[in-house]
Amino acid sequence: MYSFLNDYSEGAHPQVLEALMKTNLIQTVGYGEDEYCQQAKQLIKQSVGNHCDIHFVVGGTQANATVIASVLRPYQAVIATDEGHINVHETGAIEATGHKVLTAGHEEGKITVAKINQLVEAHVDEHMVQPKMVYISQTTELGSYYTLNELKDIYQYTSSHHLYLYVDGARLGSALAIEDAPTLSDLSKYSDVFTIGGTKMGALFGEAIVIVNDDLKNDFRYHIKQRGGMLAKGRLLGVQFQALFENDLYIRIGKQENELSMKIKQALEEKGYQLAVQSITNQLFVDMKNKDIERLEKDFMISHIKPLDKETTRVRFVTSWATDKEAVEKLCQTIQQL
Amino acid sequence: MYSFLNDYSEGAHPQVLEALMKTNLIQTVGYGEDEYCQQAKQLIKQSVGNHCDIHFVVGGTQANATVIASVLRPYQAVIATDEGHINVHETGAIEATGHKVLTAGHEEGKITVAKINQLVEAHVDEHMVQPKMVYISQTTELGSYYTLNELKDIYQYTSSHHLYLYVDGARLGSALAIEDAPTLSDLSKYSDVFTIGGTKMGALFGEAIVIVNDDLKNDFRYHIKQRGGMLAKGRLLGVQFQALFENDLYIRIGKQENELSMKIKQALEEKGYQLAVQSITNQLFVDMKNKDIERLEKDFMISHIKPLDKETTRVRFVTSWATDKEAVEKLCQTIQQL
Amino acid sequence: MYSFLNDYSEGAHPQVLEALMKTNLIQTVGYGEDEYCQQAKQLIKQSVGNHCDIHFVVGGTQANATVIASVLRPYQAVIATDEGHINVHETGAIEATGHKVLTAGHEEGKITVAKINQLVEAHVDEHMVQPKMVYISQTTELGSYYTLNELKDIYQYTSSHHLYLYVDGARLGSALAIEDAPTLSDLSKYSDVFTIGGTKMGALFGEAIVIVNDDLKNDFRYHIKQRGGMLAKGRLLGVQFQALFENDLYIRIGKQENELSMKIKQALEEKGYQLAVQSITNQLFVDMKNKDIERLEKDFMISHIKPLDKETTRVRFVTSWATDKEAVEKLCQTIQQL
Amino acid sequence: MYSFLNDYSEGAHPQVLEALMKTNLIQTVGYGEDEYCQQAKQLIKQSVGNHCDIHFVVGGTQANATVIASVLRPYQAVIATDEGHINVHETGAIEATGHKVLTAGHEEGKITVAKINQLVEAHVDEHMVQPKMVYISQTTELGSYYTLNELKDIYQYTSSHHLYLYVDGARLGSALAIEDAPTLSDLSKYSDVFTIGGTKMGALFGEAIVIVNDDLKNDFRYHIKQRGGMLAKGRLLGVQFQALFENDLYIRIGKQENELSMKIKQALEEKGYQLAVQSITNQLFVDMKNKDIERLEKDFMISHIKPLDKETTRVRFVTSWATDKEAVEKLCQTIQQL
């Protein structure tokens, strides 16, 4: 049984693991003030620019809760799509920090300026929360991605309406490998804060938080510590991100997982299955006949998203840095024979 | 200019004010442990039964935040309609206590068992919040009300699905005056906790919280104190609720405000205006032509809810214990002449 | 039995009640945006200056939680004495908004610059909370008061150390009546935010929050609404504070309660009882022999603070706007005869 | 420069790292529902008993905040010593979940039944928080430890006073290696919940939470997820704890670090330096002359805790699983030559 369930089924990319092994017995100071973290930050700054502050935390829910709680005042809210990770899949972690998540419908997994504006205009006085941040995910929870132009449009709106734009980059590598998607440098121009995900991109764990806007930089380490995101052996985050950003490994991983994903997509389409949401990233959502799913699941594991009717279910295929090419070929063959 | 803006434009019902004056110089202990509070509780218990615990707090947002935060564990959420007061008009007070408000669409301002069930079935594991309470308002934010049968259906669902049912009775008096709406005794059978609103029913301020379910009674005074709802001169709440519940004043107020409201409704309907939401309570929502609104607003104040198009706006008329009969007649005549 | 238990045993000062009666049936807009609130604010500004923002909320715990939560960022803490009301008697209301209360010992109920400085110097990095506000009560929880010079010293320290100074004026009137205590004008020079308590000074309820520092003014009404402090019939607060600030009623009340209190103090001292904490305000703490307490309690109610040994208990006498002069005389006579 | 700064200066114990390498490419399900976590739990249950629930989270602050917030109701507080990690070194993480930390003085770093009782007796009604949990650290923040008898005494008190006892075992291995200290089996009898620290005991990171009391077990995974402690690659925690609990590695590490620590202690004592706090664990606190510290710091790194006077500073020496025996010998020689 080969798993296409998600992009965190294995441990770390061999180069990441090797870096951890090499540095294992070297003594450093704790809590991320070591030289590995410094070096990793320098490496990332080559892409995002020196005007950004960079911090590392362990996981994605933590990163989201820490960033959002650090930015908002108690009565302010964050806007996300109704499929947004912070809205659905973080067990109310944002609300646990005291903030409402305002939701808008989505188009192909993405929020639009019109939908943001609707929420902004509906919240007019002190009897309602005050929208202050827009949260988007790149790539989105449904496998789509924001083009550079789409990002610019959203940022143009948020920056002119006293809103902050936060990009959750849990799967950023997959987007960075796409031509018309924003680069790291673009993100450091057209957002206020974003993350570069490690966990789903070949690290054992770890997310880099890139704070672009000066207003959001102050005392950020206090927020990390309070929300439980400060690792005693903080070096582990530096060592891993250093490995991920040497020789463009991070983007190469994204490119490779997209390529394998596109093979699956092609096999599906040749069989007459259109994607439920447009995607050229490492996540594919498809509405499949249950008997076809059953056949696939003799050899492969895939996620069931939701039943659509008695005969059809929405499923998800995910590729990762670790996805075996032969497994993909075998999967494609099996799809062809459905 | 006579105001039909809301039901808290004046001070207190004369009987309430008189009771406050009469008792003003009597010394009592503080924080609601005085004899007036005891007497008021006894009086209310005659309607709701001795199995209920009763507490008084100052305001509605406070009552909602205190009740909901007292019931839910950190990862649990409350279900409301998207128009629910806790969702829209309390500046994130519920989220400020750490809890997500899950929203369902509404039918005539009301939640349905089907919509509750959809949310319950969609929240399956620890990656999502756990729905644990259903919040409804009686009467609703849109002027409709739940019949006894509707309440029974919802309670039947919640009590068999490990959910608590909470009824926000900010305008309960208006509903109590309706024949097929649940009585106080019904509420103490078919809900877990509910409030009896004073602020919008003739008190200077104050809400009575009636805890029906034994599981929710423990240490409730701690919750009140922590959330800022414990009045030093707690007697003021007892004195007022005692006045409101003597000789059925509370229900008589509801009856009277409904009657005046129905006169306005009739005038509107005779003029060809149908209510936007069905209502036989003290709140009427109507989509009116802007030129008609302008005419009315030469003599009367009414709430603008939202513009519908260039020529039409949804407005609200509200009657209260203090609404002047002659003002209503004059309003009706003005409507007839539109 | 006459009660010297506290200063909230009765309702409202007759002039306050009369103002409520007079305005009872006048229609106003809600939530404190009415003209009574405007007038009361103007009246108070005559004392505190036009540079201050003024808001009214219902109660003291609410005022404290709202102010403190509005000022601090999530990782910041407020400093108080170990006897501070926010530390002991608000059921963790401050912590419920997410903030630590750092405590210092007190001298005669008061914090000192040295003690503040100790805490500031002990909190050096992001592994600890960051002290950002100092909370003091005027008069203090133990009946003492800060002189103008003491206030200046503390403010000189806080303003030069990036700390905000917050003065809880629940019993401010008693202090305003003392010669070398800061006036309202002084408070608006030597603090960042303070409250003028109504509940314990003759109102039915209500505290005025005076925001001095511009940095703390933004969007404050959102904070009030979210924390449950915004009264629908907000006019009630305006009407009461207007009455309290016309013809110096507020200070006259303070003067009168101090005078009566000093009579009790004198009687106690003549009997050989020294105050446990220095006080010329309306609160007296005394360590009395239990048999003397028993004798007093045949005719009077006083608070038991804590047993000191088998034969002695610390008790508290409190006078208020409503304290009956004859009752004080009778109390003094009883003390003389102990 | 060899570091005795702390016990998290290096990466992972070689056996832990080897286990991570071996399993790196095996596909598992995420979020701790994999077989490695199951096996690790089984292994730990052999020591703590099958009546316990076991969960793994990434870090200590996270573990503390998650456990404490999961146990307490909003108005309840946790008792710790003033030196308790949750009180001083977690940036208000507990308060950020809404709960007050009540502090007692300590004796040799430890809380006593008398001190707990004092706090319990001082918190009598709803105007104050309600103490509901006692937090102790084993070993303590100051290097001391609770004997089995001391633990029993505390648990006897807490369990008979409706309090929960929580033992923070960040450095539990060091205590487990001491004869009269409680074993894992003892902890599962005489506490309600405790942690087994990995981070400071040879893991890259990770704490095992052992829930003993049935009342605290419900829905615990929701709490972990909400507080950001659920690792996508949850297997990493299982793999590491499996390695730590095979062949008693965990206790052997504790024994070894204690032995090396005792060598340093002996050298210090021979030089006339008595420990500031009694310790036979891996942490030694000593008040040293500054000139001696300067000499040591030519070759070694040690923590400065606080200056005591112009000539003396309290410092800390820590040994760990990774501490080099030769470095300890060299340190001891240097101490001898001071």
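Annotations for the structure displayed:
In this document, chain identifiers A, B, C and D correspond to the written order of the chains, with residue numbering beginning at 1 in each.
As a working rule, a residue touches a chain if its C-beta (ideal position, glycine included) is under 8 Å from a C-beta of that chain, and two chains touch if they have at least 3 such contacts.
Since this is a predicted model, take the numbers as computed values, not measurements.
Among the remaining chains, the Cα-based centre furthest from that of chain B is the centre of D. Two chain pairs are in question, B-C and A-B; the one with more C-beta pairs in contact is B-C. Chain A and chain B have Cα centroids separated by 42 Å. For the pair chain A and chain C, the distance between C-alpha centroids works out to 50 Å.
Chain B and chain C, compared by their mean Cα positions, are separated by 33 Å. The set of chain B residues that touch two or more partner chains comprises 74-75, 90-92, 96-98, 126-127, 222, 225-226, 230. The part of chain C that touches chain A in the complex is made up of residues 31, 69-70, 73-75, 97-98, 126-127, 130, 219, 221-226, 230.
Residue ranges on chain A touching chain B, taken from their complex, read 74-75, 77, 88-92, 95-101, 126-129. Residue ranges of chain D in contact with chain A, taken from their complex: 2-3, 5-6, 8-12, 14, 17, 20-21, 23-30, 58-62, 65-66, 90-93, 96-97, 199-200, 204-205, 222, 225-233, 235-236, 322.
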